[in-house]
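Presented sequentially are two complexes of chain A, the first with chain B as partner and the second with chain C.
Showing the complex of A and B:
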């Protein structure tokens, strides 16, 4: 059995950490795009569309992310095509992220006082113009802090991709532990890795929130 | 390929056993986790008797560190650290105990942060008025700060407990026989992964809905007297 130095462990964890970052970026970007489409459809859409999107959000918020990952992984097999852990993890995390962002952003649009709507319509702006020039700019300011805050949940969520065999920070930790058997050190370092990624985002989200409240909005 | 749920029928008792484990883990975690959160929130409250010069005490700041560590690392890593890491230090714990400990520490940290938001919004004058009326610091914390804080943040508290219940699916990864472990077990026997996970997911969804209804019922009882007045 080869001996692992602390540097070997740290180096391998950092290499695997890249994939945590990449998967987080994919999930967040994909989730933001899908979430934005859903938010817009939900605000303007017909009743059945609104109802369907609400169901979509409730389904993803009411079931474990781990189950969503299993379903993406095994569901694709049922449909007849073989997906890699990469694809399954990216798809499941993107859908998961989109549902939560859609919910967060809907709240932000609803938080813009209805008088703003009425005023812009009275001034002769149509639905899209009001949305673009009056509502969305205000909703966007409200949306930034909780969105940054949610990105932390996305990063932590990628850890579950390890369960379906995606080699990222957590999976690398368990693999290293099987070889080096230093669970205390290894999992403390894995946790440190996530903390380094997440803590600055948490702090930034809190800072943005304070700034928003300080500015007297809401 | 078609879906076939009939192959699941022989495994009903396996699913039930898993469901029971998920339920008791959730119940114990909710009760102990919220109690832990109250203690943490008390020590972190800058107005409580543990504070010095308007700053939380050393204990309060240490607990603040605990909250940040839990909130900024994934639950599965916390679980692995407790289950695999602690025995390396000579502290050996069984899988269910590790799962319960991880869940309690997790809910405790998130709920402490939720409670803090509720506590911070308590007007300082109320605390001072309670003290002037002769309530001790602890009495004042309990009656004037804590209960109103709970009623204010109760919706967030419900969501957090549901998140922890759903997150408990991860304890299957250290071989705790919960609902997800049952699903994995059946999947390894009948190779009907999609059907098994679909059923397990549906059960989780029902649990989430049921938990929310239960919490809302309890909340109406607990905080009923505030609804008409100014809370």
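Showing the complex of A and C:
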């Protein structure tokens, strides 16, 4: 049995940590794009569309991310699609993220006081003009802190991709532990890895929140 | 022909009938104050006049043109009827001048330069020209409300609706807003105000309309109405507010 130095462990975890970052970026970017489309469709759309989107949001919010990953990976295989762990993890995390962002952003649009709609309406702005010039700019400012905050959940969510064989930080930790048998050291380092990724984002979200309320936007 | 002509206006919210047949005519240049207890339907009446609320029955004409139903687009409506709210409703992410310029640029498609001239003119009228680059949050309530009046005036409406525009203000800020309205009235602007400022109603308006339980209970020139109320409801109301 080869001996693992601490540096070996750290180096391997850092290499695997890159994939945690990449997967997080994919999930967040993809989730933001899908989430934005869903948010706009949900606000302006017809009743059946709104209902379908709500069902979508409820489904992803009401089931564990782990099951969503299993379904994306094993479910697709059962249906005859040969999906890699990469694809399955990217798709599942993207959909999961989009559902949550759609809900967060809908809340932000609804948080803009109704007086703003009324004021733009009596000034003669139609729905799209009101959205573009009055509602969305305000909703966007409201949305930044919770969105940044949610990105922390996405990063931690990627840990679950380890169960379908995707080698990211957590999976690398498990594999290293199987060889080196130093669970406390290894998993403490894994946890530290997540903390290093998440803490700045949490801080940033808090900072944005303070700035937002300091600016007097109600 | 009256500038604003309301005939047999009815409006219910669910089971609750808020307006039970309102007839009202307002001439060009007239200042009409609508008074009454809360729940008497006065704000609803005002909000029907610019179709923020859709009434159930009756008609509203403006300068002989029907404005209710789908007869006028929001764009057209905004160039006929302006409105100022109790809670100002300025756009917090836009500066004073951007607030005022938005509708002329977006709705009327006025050029930015022309819209700026219009905005400066109306802001000067309300005494807010030196604050063009401030954000609403940096202004006092009275200043915000004056900007809101300017914003409405920038669309050059034929009639300006004021919905309890001083109710959200600290007492010492009420005067500056009322002075602006008084000035507009003196210039010949047609004003329909829902107000709790009885002194203002008495001194500035040409006609006072007392609403009670969804109907116009009494109306007339302010001097007579306040000194010799004909109905017990109005006497009681006057006694309670003066």
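Convention: the second predicted complex is superposed on the first by the 218 of 218 C-alpha atoms of A that agree within 3 Å, B and C clash if a C-alpha of one lies under 4 Å from a C-alpha of the other, contacts with A are read in each partner's own complex, and residues count from 1 in each chain.
Note that contacts are C-beta pairs under 8 Å (C-beta built on N, C-alpha and C of every residue); 3 or more make two chains touch, one makes a residue touch a chain.
In this text, all values refer to a predicted model and were calculated from it rather than measured experimentally.
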Partner contacting more residues of chain A (chain B vs chain C): B
Partner chain in contact with A:116 - chain B first, chain C second, else both or neither: second
Touching partner for A:141 - first (chain B), second (chain C), both, neither: second
Touching partner for A:105 - first (chain B), second (chain C), both, neither: neither
Partner chain in contact with A:199 - chain B first, chain C second, else both or neither: first
Touching partner for A:125 - first (chain B), second (chain C), both, neither: second
A:133 touches, of chain B and chain C: first, second, both or neither? second
Residues of chain A contacting chain B in one complex and chain C in the other: none
In the complex with chain B, residue positions of chain A that touch it: 59, 62-68, 70-71, 73-75, 77-80, 152, 156-157, 159-160, 162-163, 170, 173-174, 177, 182-184, 187-188, 190-191, 194-195, 198-199, 202
Residues of chain B that touch chain A when the two form their complex: 1, 3, 68-69, 71-78, 80-81, 84-89, 162, 166-170, 172-173, 180, 183, 187, 193-194, 197-198, 200-201, 204-205, 208-209
Of all residues in chain C, those that touch chain A in their complex: 50, 52, 73-79, 81-83, 85, 87, 89-93, 102-103, 106-108, 135, 137-138, 151-152, 155
Of all residues in chain A, those that touch chain C in their complex: 113, 115-116, 118-126, 129, 133-134, 137-138, 141, 215-218
